[in-house]
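You will see two complexes here that share subunit A, one where it goes with subunit B and one where it goes with subunit C.
And then the complex of A and B:
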């Protein structure tokens, strides 16, 4: 099928994006002032010891050589050892990344589902109260950053009206063996429904804080696309042929109206990986954020490069997935360059 | 020999709601189509041709229009008083409309086969799955009937993979994919180049002749109407100003607008640019009282601004709405 070649093309293109990203990360990490070896050993370490560590970390070599060493290792999944945790960076990332991914994954589902639903609702009730309410929330969503919303949530649901957990991924009384790294799925695999429910309640607030602003904005884009398509000749024609309303609504109107919101959602979902840093910090979510921030504060070069690189890969993959979904919906993109012959 | 009346529009008024009031587009349209008749509807852009046709099928933009007066009888039943179910039946079994612009009349994200298939599915008693194959056969047959090459391939193509002329043929295929008693062709081919336009007109002519279907051909070219129609309606600013057979209309036009329209047809054999009619269509928000053509009319008199002239039969099948005929 033609979608196969489309995916292949996108994957090949993304290799160049990732090479560019790796060079950028490497340069930024190396030009930040301060000596990583000195930082790792502390101010009172003797000069010879610091020099030995510099050699060990190959910080004495030229920058291109350092980059080449770093890149070949990175391709093998080896980002070196973290100067702070003294463990291989990839091990640290494995431990924390999935918690972040869990958050982003469910936030993405939340956003796609509710944005579509609210978009249809707003379009069908154009200029009535439901539409106005969604519009109001969209404006509020744009003007309040996710981390402020997160702080409000912690205040309201953790202090004033404590009905939902606001800290960590799972209450301490549960112990679930790690299989997928996603707490809900792990609990379900373990057959522990109570733990799964507990993990779910822990997810609600961070997920909503992360996804809410985007959800309302996407809903607005969805609304606009639907109302725009509603005035098109093809809808009038389909109506004129006596095709039932529900078929027009959910087949002929919905599909072309999904294209614009889907493309924007792709960007938003990818950006969530970054925004998740702040939300995680507030909800004490054991994700990549705390690890990444500590890495930056201690100038833990390997950890910084590793973390950013992994997030970059995630970002790129999320974009490819969305592009593929858009291409599946829109034949004009899928078959671009393929003539009707 | 007069056939039975298929469609009769009586004194139809349609207003669009716009900022600051109502745009009074149609002011008493009277229109008649007999079974198997080919009717041409001629008029300038914006004179309400499409609005009239869309109101027959009730596909005017939802919520933005208002019909203060008028009746549309189809086979003796008033469309404006029909239940939703009856309208759906009218749309799916009786009348088909071909839209003006083939680039926007087809849904961009579904295959041709899918779109024609749905028209067939809901115009007959077919159930999905059971008759899927039958629907496919019937839609490929429709594609063949409009002389498109390789119907099997067109069936799985998307609109953007076809040229404008091919898309217009697809639109026609959709209209004839199941039997109808009336086809409304809204300026088919206006957005295509002349040779393709000519092909489309020939095709339509062939189809209605073969099937004995009634057709309303909307056009702004009197030449096309003369060639294709048994009877021509001339429309100006939301009113029918004159109707006659092409022969009578071309030989003996009575309404000043019809005369102007005929004088505007450029002649290939010299004579320079045609005469045309000065001025433009009146503002529908505040239309002049009385005749809507008075501002551009050279033979205007005080009575013209009192009340709109009614259609008046000056000879058999030749009706004119102008006070000149009664003086």
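And then the complex of A and C:
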């Protein structure tokens, strides 16, 4: 009940944010670049043709009216046609979105799993070599942009030591019918274990490139939270009761220590949708981000606004999910959220 | 008489010396906190080195002409060696020279972006925090929420994409993306500080709004802002390298680190030095600024 009204409140707030985002995107993609009709037809098109297209695209109306038309179309899933692929933008988005989600999904799993594991490891071995090694990797990891890491992976695993595939989602000899859009699950549904394994090997490098920097950072936060909680009274009480250290560690210490890393992880996972723009480009991953970046390079304004809007919706939803998970773990937030500030 | 004048002069002199002494005292205390972590010293060394290389680029670089439209097919694609320390690209330009010149763009970028985004963002956060729970607060904070509702890199890329790709416009793109973070930060502190007694007291004694905002509230919010600024330089470099990597930053022939990496990636694995050395330069530069930022944070936290 309480968590229900918390979710409702967050959803209502995010509707306002998304309306604001649509205005921002409208400004970026429609107003800043100048006349869309002239851009679509090129500088040498005759004036009458441009005028006709302006009428057709309803660009002769006032800006608020244009925005209203754009918004109602967008709500019906109509972002106009892409200049590059000559198809409706929404079709392109449907085709590419799941590949990006697959990448982010597995990167999130990688990040949560290894950040927790390394955090526990560092906290248990405080100031010993494992802890110092993780600290060092955290310093270096945050200094390597994801695209540089991706380039290194391509060089190492593509040329000097080719044990992992570096391009696309699946080797061309496999053909898997599309059910969920996630290659691994599709292959498993088709009963094709070889294809599933192949899809998995294709995932490894992009996922690691996407998640690695954040993983070490969160391991550090996890370590700090655990060491902080270790000095709290409830741990001393449990030790006093003679509860074995392993049980204290995993049953009582882990949950309160997850709160701080969880919210940072959530932000990082949501931000992956942005970083994926470069990683997908390098690994030639046929996802929405690669589509978006190509749209940006060709100034394909309809595709830009469609992609950015969809990513904004995904980002906002991801943030809500994270807030809900954090609220489930931390009762203080949950209760404060209901009684109001 | 003479004696008295002499005494006054000595007191004046020692007062002057006292000023200097206190100044040095402050510096050395800050330096103590800063250099407590040896990694901060590594950081500041890298930062100073990069800044010196960037400023003195035309004097230090072995082949200054190679930072522009220069062609020398005889020495094209040379591997790293004595003549060209980090090798040359397929049209014979020295990679080392181009990296040094690329530092200039990266530094100018971070200075300009932070110099605009920090004051603007902080000012808006200050105003929103002062008018806590009024319509002004709602408007400013909801607008900043909108800017934070897409991944930062996506926002920067799309702004840079609709403008003409060049250094100036990639700065605009990053500034557009950067200010809301400072608004959030200052807002959080300003809204709590504005309920403190000294602010209420200033208000009751008839101090102007300007005085309350900038003399009472703002100084109490500055330390975290400086900390964030020091830590953000590395991030600006990452984002600017990402923009120039996809071709939305500085345009050739002027070198930029991200652009050099993406150019080099086309010639992998034969001309590996074209790609690896600019990539390492990015990493070292960001590492330096991050360690420096950590040092500044430790310094500001422990001297408070």
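Heads up, the rule we're going with is that the second predicted complex is superposed on the first by the 326 of 341 C-alpha atoms of A that agree within 3 Å, B and C clash if a C-alpha of one lies under 4 Å from a C-alpha of the other, contacts with A are read in each partner's own complex, and residues count from 1 in each chain.
Operating definition for what follows: a contact is a pair of C-beta atoms (placed from the backbone, for glycine too) under 8 Å apart; a residue touches a chain by one contact, two chains touch by 3 or more.
From a predicted model like this one, the values you see are computed outputs, not experimental measurements.
Once the complexes are laid over each other on subunit A, subunit B and subunit C both fit without any clash.
By the touch criterion defined above, A:241 lies against subunit B but remains apart from subunit C after alignment on the C-alpha atoms of chain A. The three-chain arrangement built by superposing both structures on chain A places subunit B and subunit C 80° apart around the Cα centre of subunit A, to the nearest 10. Touched residues of subunit A were counted for both subunit B and subunit C, and C has more of them. Using the contact criterion defined above for the overlaid structures, shared-chain residue A:175 touches neither subunit B nor subunit C, since it reaches no partner.
In the overlay built on the shared chain, the residue A:231 is in contact with subunit B alone; subunit C does not reach it. Legend: residue contacts after superposition of the two complexes on their common chain; A:301 is shown touching subunit C, with no touch to subunit B. Of the two partner chains, subunit C is the only one that A:278 touches; subunit B does not reach it. Once both complexes are placed on a shared chain A, the shortest Cα to Cα gap between subunit B and subunit C comes to 14 Å. Chain contact summary for the complex, subunit A toward subunit B: residues 230-234, 236-244, 247, 251-252, 255-256, 259, 329-332, 335, 339-340. Those residues of subunit A that touch subunit C in the shared complex are 14, 16-18, 20-21, 23-25, 28-29, 32-33, 139-140, 142-145, 147-148, 151-152, 154-155, 158-160, 270-275, 277-278, 281-282, 292-293, 295-297, 299, 301, 304, 308, 311-312, 315-316. Residues 39, 142-143, 145-147, 149-155, 157-163, 234, 238, 241-242, 245-248, 258, 261, 265, 268-269, 272, 275-276, 279, 282-283, 286-287, 290-291 of subunit C are the ones touching subunit A in the complex. Residues 54, 57, 59, 61-62, 88-93, 95-97, 99-101, 104-111, 115, 118-119, 122-123, 153, 157-158, 160-162, 171, 174 of subunit B are the ones touching subunit A in the complex.
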